[in-house]
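Letters A, B, C and D mark the chains as written, and numbering starts fresh at 1 in each.
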Amino acid sequence: MYSFKNDYSEGAHKRILDAMIKSNMEQTDGYGTDDYCLKAAEYIKNKMDYNDADVHFLVGGTQTNLTAISSFLKPYEAAIAVSTGHINTHETGAIEATGHKVISAADTYDGKLQACHIEKVLAEHTDEHMVKPKLVYISNPTEIGTIYSKSELKSLSDCCRKHNLFLYLDGARLASALCADGNDIALSDYPRLCDAFYIGGTKCGALMGEALVICNNSLKEDFRYNIKNKGALFAKGRLLGIQFLELFKDNLYFELGDFSNKMAKKLKDGITKAGYKFMIDSDTNQIFPIFPNDIVKKISNNYNYTLWKKEDENNSVLRLVTSWATDETEVENFIEFLNNL
Amino acid sequence: MYSFKNDYSEGAHKRILDAMIKSNMEQTDGYGTDDYCLKAAEYIKNKMDYNDADVHFLVGGTQTNLTAISSFLKPYEAAIAVSTGHINTHETGAIEATGHKVISAADTYDGKLQACHIEKVLAEHTDEHMVKPKLVYISNPTEIGTIYSKSELKSLSDCCRKHNLFLYLDGARLASALCADGNDIALSDYPRLCDAFYIGGTKCGALMGEALVICNNSLKEDFRYNIKNKGALFAKGRLLGIQFLELFKDNLYFELGDFSNKMAKKLKDGITKAGYKFMIDSDTNQIFPIFPNDIVKKISNNYNYTLWKKEDENNSVLRLVTSWATDETEVENFIEFLNNL
Amino acid sequence: MYSFKNDYSEGAHKRILDAMIKSNMEQTDGYGTDDYCLKAAEYIKNKMDYNDADVHFLVGGTQTNLTAISSFLKPYEAAIAVSTGHINTHETGAIEATGHKVISAADTYDGKLQACHIEKVLAEHTDEHMVKPKLVYISNPTEIGTIYSKSELKSLSDCCRKHNLFLYLDGARLASALCADGNDIALSDYPRLCDAFYIGGTKCGALMGEALVICNNSLKEDFRYNIKNKGALFAKGRLLGIQFLELFKDNLYFELGDFSNKMAKKLKDGITKAGYKFMIDSDTNQIFPIFPNDIVKKISNNYNYTLWKKEDENNSVLRLVTSWATDETEVENFIEFLNNL
Amino acid sequence: MYSFKNDYSEGAHKRILDAMIKSNMEQTDGYGTDDYCLKAAEYIKNKMDYNDADVHFLVGGTQTNLTAISSFLKPYEAAIAVSTGHINTHETGAIEATGHKVISAADTYDGKLQACHIEKVLAEHTDEHMVKPKLVYISNPTEIGTIYSKSELKSLSDCCRKHNLFLYLDGARLASALCADGNDIALSDYPRLCDAFYIGGTKCGALMGEALVICNNSLKEDFRYNIKNKGALFAKGRLLGIQFLELFKDNLYFELGDFSNKMAKKLKDGITKAGYKFMIDSDTNQIFPIFPNDIVKKISNNYNYTLWKKEDENNSVLRLVTSWATDETEVENFIEFLNNL
């Protein structure tokens, strides 16, 4: 059975694997202090056209979120997120485990946070009997595949600066956002609009790894202590450096994002032509078609996917995910399969 | 410059790398629920001749220690360790970050904990104004390369059972302990004597990965929730499964441990013949020769190593570490280099 | 200016103060191990007609909530509350500071949680990528003065037992709930329906103090360690014992609850007669009248109160609170004042 | 049986109790924002001749320590203390429960920390694989009744400033230290030499309460949020204000400290004359006589005390504590009792 279940079903892109194989017997220092990591950080800063940032490589997304957020906040400070935000729902309380409340600011149709949601939270949190909202968490793409426009991100960034909040962006699938149709946020915009954000590797072609970019100077000090304190300082750190070096030494990261989006687009077009609708319009590598339950049953016999939610008595929303590794023939097969039902 | 600095300077053993390459484009479920992980767990249980254990694969040692210990203890319970214990000194307060005190029970010459140290701690912690010691942390080999004998481990285990304490063993370099000259603890003894322990991969031939073995039934429930809660649930979990499967499907794990010990032995013999002494007698892959400072200076120009401590005004203790990847010619070169000084 | 702002504006009921004065120079053991505490616990158990409970005396409500909940839950487990629940909004993230998520289960008109809200949360939390809901938090009265009926509480209790959840009840104002018109939950029902709950002293006539009652045997062990671990073990613990002994050696606790309700009723009747409505119908010592803003302004010049929220452009909801200490003449004056506006 | 077990066996000094009785029916705002608290803070600042400090009133010592230290430190930072430091041994891991390691810096004969101990810890903690020592914890008097000289405290303070560490002083029994024979540290020295410290009330004549004084501006911001976050914001906060106001509006605090020391001196002199020695020479309200075990047995039948430790096979060290409430006749009786043995 072919799987459209997620974008971490396979290993790594061939070029990344080759780079790891090639360097395998080299001796390097541990914990991310090696030349590969240094060089990868330089490449990323060059691609961002932004030099005044610290880049740290961590293994996974939840790990990156909890290490960063717990480092940035004082004990009584809280993060703001939409109700569907990954840290709010799908990280098993990892942020709270470090002592911080995640404030669910809004239940939005498109999974996006707006400045007005932040303002509302601030208006409700006025004294020391409540947590102090201090960090705004968003992801791009969102949990449901939508993307922020540059003006939307700028508006959030302005709101944060006005209210002395940190803007933190989870870029687990940033490659897909960067290459989406309609995207107008360049990689170089992120360090200018966010206080910190991470460039996802795990879901964008690497075996594992996320590149955390800290732009706000006040958040940089001693960050490696935080990484170790959370058990996230990776012994053979160069493995992360090698992968990000490969992704950013030319345009591989963007090519992989583009490819995954193209595969999703192809799926989306096929499904649309076959007469089905979607829960939400997404231009990234996650799409959410609505199928009648009997069709779902037949799909289940042939494909892996995620059942997102019940739309109504007779219909269900599925999540289908493509990636750098998606087999285009399988995409075509799926559409054909659907048309033959 | 050749490096004897640590056992995580290189990538992975060729067979492990090959297995990863071979499976690279296979689609599997994420987060360690794939067949590779299941099979690797089976292999490990078979090698231990012990079926009633849960095996979880995590990425790194500190991560494994903090996830396990924080899961096993109630908020007011503490871990007991020797002063040099890894959790006490070299994990940046990772255990304390989860809320638990590490009690430094003894400052021992050989880095080993004894039942009498535990008894002393228990005698000093008698009521609710002090933490309740509940878990005993040891590593084998210890931080300074020594190993426990079976009777020593049994004595600790008996003491723990008598006092209703958990015995947790950090096996970051377990391969080396298992294959050390003079070792009489079989892999099959560990699940019988410990409540939980981990079999290290990172320092024993894998790219990364530790196999946590939970033997005590009362510690098993919902453990995957704990892993995720600590940001340690690895998305492409199959990468850990593949590596441990390769290490345990035959005797590779033991062969690598044996090889690293042999290289250390060769170094040790050469250094001894050259007329130098050691801080401690170690049969594993870490050795601690004492050199005059002028010799150290010359070594520094040609080799990477860790300066362990000053022995006195004129002499220093170095830590030299070998591994599965150590180049035997380099070992011979080092000895020749030393003899030529 | 007379204050209807809260029920902790004054010190303690005269009988309580007298008991403290009388015992002032007696020597007792510290930390709640004295005879006053033991006897007070006995009186409470007698009044509950329930002997198999542990009673611990703590200083304040947030302290009691965080000590209890953090003790009852494993690291990845979460508490369920309504959105207005005290632990969710007015404890500055105290529960999260101990590592646990508070799940906001519902936004209810009457501030009450229902079994269906719990069921919905459980249905949404199905695997280790999400926290595990394990404890249900309610307060009686609720944050807006409403009370649960016995059948409502029984339904919650049944739901919790069915799903293996702990039911924890915050009784900061339990005296008022116990004596409310329409209340049909006896004190003896609480230990039978809850796993743990606390009987509030601070807001019910004592200088300070809350009596935590742990009924579920599995939650009792080593609880005093948790109290100390959270900095909540009170040195002169007998001060809490003396106060609860006085409250429960006869019916003082109930008399004070009854009096505070009567004062609220008198206020409510007067306000109603004066032609005003209420945000919610409350039979306890907190009432929420809606006044035009110009009336509010005049009240502000003469009385202290809490501005609860804006009802609309022209009207505001006020919170008026009465207590054991409320001066009946001042209640009458307020009504007269209102009628004269 | 008369008790020399501790200095919190009785209630409060009569003047304090009277002040509480007198104000009992006054209405004030909650949570320490009332005029009593404001005035008490002013009195304390006047007595310290130091205006640029924030004064917060908390209920107990462990609570104050954990709230302050967890507020002052970043997640990976640690506190330094002597092995016998209260936070290291007698607070049930309360500091670790907030995420921070307590580094046991030295095992000293007199219970005092020295700059050299701090320097040693700093020398051992050099990179991100270890916690970052950031706060020095001392108490005056120490756990065994000894006091720091001004030059000793100055030396610690200089060392902390040199290394950018916070100096935090636990003054649970500060009244006794301030009035000890040989003391040369004035109350006005504390805010000048420490970054924060607390003036103990619980053990110095109050029912409860500690006045935390924060002198370092960088530690002041939002501190009330921390207090609430730790469940330590006391509802009827004015009770703490009233007590400290009474203690500091004239010299009551010093008189009580002086009295408790005089009672200890009288005990010490009598015990010395009776031919017994002491574990340590203390000028404060805790003394540590060494008695033969048969004498201890007889004392046990007539007095409450703390068995501190076994001196040897035949002798034991007792801790005897006096206080503002000690009955001088009982002191005389004890000496007579001892002489009659």
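Following the convention adopted for this analysis, contacts are C-beta pairs under 8 Å (C-beta built on N, C-alpha and C of every residue); 3 or more make two chains touch, one makes a residue touch a chain.
The chain lineup, named per UniProt: A, B, C, D = Low specificity L-threonine aldolase.
No experiment lies behind these values; they were computed from the predicted model shown.
Determine, using the mean of C-alpha atoms as each chain's centre, which chain is farthest from chain B.
The chain lying farthest from chain B is C.
Can you compute the centre-to-centre distance for chain A and chain D, using the mean CA position of each chain? Integer Å is fine.
So the centre of chain A lies 50 Å away from the centre of chain D.
Once you find the CA centre of chain C and the CA centre of chain D, what distance in Å lies between them?
A distance of 33 Å separates the two centres.
Between chain A and chain C, what's the gap in Å when you average each chain's C-alpha atoms?
Centre-to-centre distance between chain A and chain C: 42 Å.
So which bits of chain D are touching at least two other chains?
Residues 75-76, 91-93, 97-99, 128-129, 131, 225, 228-229, 233 of chain D each touch two or more of the other chains.
Assign the assembly's chain-to-chain touch graph to one of these shapes: line, ring, star, complete, other.
complete
For chain C, which residues count as touching chain D in their complex?
For this pair, the touching residues of chain C are 2-3, 5-6, 8-12, 14, 17, 20-21, 23-30, 59-67, 91-94, 97-98, 202-203, 207-208, 225, 228-236, 239, 304, 325.
Any idea which chain B residues touch chain D in the complex?
75-76, 78, 89-93, 96-102, 104, 128-131
Help me check something: in the complex, which residues belonging to chain D touch chain A?
Listed in rising order, the residues are 31, 70-71, 74-76, 98-99, 128-129, 131-132, 222, 224-229, 233.
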